[in-house]
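Shared chain: subunit A. Partners: subunit B in the first complex, subunit C in the second.
After this line comes the complex of A and B, so read on.
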C-alpha cells in the first residue's frame, strides 16, 4: 500500500509512548498522513485520553510546534521507521 | 576589521534590528467614535508579535468591546503565526519591504481553527524554549544542555530575548555550549545537509572528492531546494510567486560524526496559490533573504549561521522563487 501511494499520501508510523503516570493506550502505533500537522497527533491523544492538559514530546526531548508537519518531524527525528511521541499529564522534560 | 569583529558587528545589527509597524485595530472591535488612530510600534526582529500586547493594549483599551483579550494579528487577511519571529514574518510576507508594515490587530475572536492557541507571554516562552531544545537536539543528539539549565539561567535567557539584550543573551547562552559552526567544505562526507541514506541501506560511498571550496550559502540553499537550481529550456513566462519559508538549524561541526543524516529541518508553506511549473520551464530563485538582508550567496555558510541565526539557534531563510505560469492552450476559450 505504501509503495503505491503518491508521495502526498505517504503515511508516517507514529509510536505513542506513555510517560510517568499517563495512561497507556491499548493501541499505541498509528499511521498518519505525512502532510498532517503535529496538532492532529496532539488532538488524537487528547480525545483518546479524555484530557485537555497533555504534554507531548518527540524522542523524550522537546515539544514540537503543533504546526509542524508530521513528515518533517519523521524525516528529522524518526528512527527505525517510526516517529516516537511521548505524552505525559504533567511536564516531564522541563 | 578582523573577521571576528565583523561577525560581532553583524550580530549587533541583527539584535538591534526592528520592524516599524503601523497597527490598526480591526473594525469589528471599534466601539467608539472617532476610530482610534493606528499604533506605531518598533517591533524587534528577534521578538514575537504577541509580546507587543503591553504596548498595544493601553492604546486601544478604551475602544475595545467587553471580553477577554486574545490578541492576534493579520496581514492582508492572513492570520499571522505567532510563533514565527517578527522579522521572519516581515521578510517572508513583504517582498517589497513595506515601511511601516501595516498590520491589523484583533483582541477578540481568536481563529482557533487556523492559529495554535496563544495564552500570552508564557506560550511564547514555551515555544521559544522548545525550539531551542529542538536545535540542541539536532546539534548534540540530545537537549540535556537546555534541560540542565538552572532556573535563574532560563529566566535570564528568556528576559534577554524579551528585552533584545544581546550581551545578556550571549552570557547565558554560552553556558549551553552549542558549538559555533566551523568552516565546512564541499565534499566532506559528513556534510549534514544531505538526506539520510540509512532507510534505503545505501551509503554515501560515491562522495565527491574533497576540494578546497568553502561551503557557501548557495551550497546550503541548493542542498535544501535542489529543484530551483535546475536549468531547463527557457520559454516565455509570466512571473507568479511562491513564497517559501525554510528553517535550517546550525549544522554540527562535530568532526567525528560520520553518519549521513538529514539534520536540516525543512518547512515549506505556500502563501500564494500557484500552478505547478511545467517540465520545460525555468524556476529560479529570485531572492534569498535572511534578517532582512539579501546576503551574497558566496558567503561561507558557517558565517551566515553563526552571525545571522535567531536566539533559538535556528537560521531562518526566506526564499522568493520565480515560477512560470502555465500558458493557455490554443484550444482555451
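After this line comes the complex of A and C, so read on.
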C-alpha cells in the first residue's frame, strides 16, 4: 500500500472509528480512490448508519471539508497505511 | 488541566492566546489569502478583542443556475462569548455590488447543504443579532453546541496525551474547520498539520 510515487488510480484505505455512543459498523474498513472527495466517505457513513446527522472528523482534531480529496487527507494525516475517520452521532440538544 | 476532564471551553485570556497563535499560523501558511487581524477593545481591567477577516471572496458553486459564476463577499468576525466560554462566528455577506444578502439567499447557497453536518445536526443554527462591539445586526452561528464538539475533536486526537494540557494554540484551527463548513469558508489542510512543524 505505501508508495512514494503518486498514482491517480491509487486507493486509500479508510478506517471508520465510532466514538461516543455511535454504532460500530460491521464493515469499518474500505478502500476508496484517492481522487474521490471526502464527501464520499460522509455519504458512505450516512448510508451505512441510516442517519443524516453525523459529526465526522479525523485525528489531528479537525473536521475535513467535504470537498477535500481523500488522497490529500491521507498524505497529510494518514498513518500505518490508512486514514482514520472518526464519527459521532448528533447529541441531545441543549 | 488535563484533556480528559476538559469541558471544551476557553477562558477569555486563553481565547486571546488562541487568537494570536491562529493569526500567526494563518499568515504563515496562507500568504495569498487575506490575513485575520486582531481588533482590540480596551476595557478597564483587561484588553479584549476579536478577530476580523473582511472582504473575503467566496465563489458560489455553479449548482444553483441563477447564481452561477457569482461572487460573494464575506466579513467574518470571531468574537469570544463570556457566557458560553467559546468563540462565536459573526458574519455578514454581500454581493459584488455591495448589496447585503438575506439569510434565505445565504442558506440556499450554502455549499453542499446535504453534507453540512454542522447545520443539520442542530449543533448550531444561524441567527441575526447585534454585533457585541459594533452596533449593527450581523449573522451569527449560535455557540450552544461548540464546547461539545470541540471536546470531541480534541479528546480523540491520539497525539494529545492525557498528561498534556489543552493545546489552546490549536483551538481556533480546529474550531474553524467546523464552523467554516457552515459558511463556505475553506480552511487549508496545513492549518491542522501539527506533525510537520
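The rule is simple: the second predicted complex is superposed on the first by the 83 of 94 C-alpha atoms of A that agree within 3 Å, B and C clash if a C-alpha of one lies under 4 Å from a C-alpha of the other, contacts with A are read in each partner's own complex, and residues count from 1 in each chain.
Quick note on the criterion: a residue touches a chain if its C-beta (ideal position, glycine included) is under 8 Å from a C-beta of that chain, and two chains touch if they have at least 3 such contacts.
This structure is a prediction, so every number in the text was calculated from the model and none was measured.
The superposition on subunit A brings subunit B into a clash with subunit C. Looking at the shared chain after the overlay, A:72 reaches both subunit B and subunit C. By the touch criterion stated above, A:55 is placed in contact with subunit C alone, subunit B being left untouched.
Judged by the touch definition given at the top, the superposed model places A:86 against subunit C, while subunit B stays out of reach. Within the superposed three-chain model, A:19 lies in touch with subunit C and out of touch with subunit B [touch as defined at top].
Set against each other, subunit B and subunit C differ in how many residues of subunit A they touch, and the higher count belongs to C. By the touch criterion defined above, A:63 lies against subunit B and subunit C together after alignment on the C-alpha atoms of chain A. Once the two complexes are laid over each other on the shared chain, residue contacts for A:43 go to subunit C alone; subunit B is not touched.
Residues 39, 59, 61-68, 72, 76-77, 93-94 of subunit A lie in contact with subunit B in one complex and with subunit C in the other. Across the complex, subunit B is touched by residues 39, 59, 61-69, 72, 75-77, 81, 93-94 of subunit A.
Residues 111-112, 115, 117-118, 120-123, 144-145, 148-149, 152-154, 156-160, 170, 173-174, 177-178, 180-181, 186-187, 189-195 of subunit C are the ones that touch subunit A when the two sit in their complex.
Residues 81, 83, 116, 126-127, 130-131, 133-134, 137-138, 142-143, 146-147, 196, 199, 262-267 of subunit B touch subunit A in their complex. Within the complex formed with subunit C, the subunit A residues making contact are 17, 19-20, 39, 42-43, 52-57, 59-68, 72-73, 76-77, 86, 88, 90-91, 93-94.
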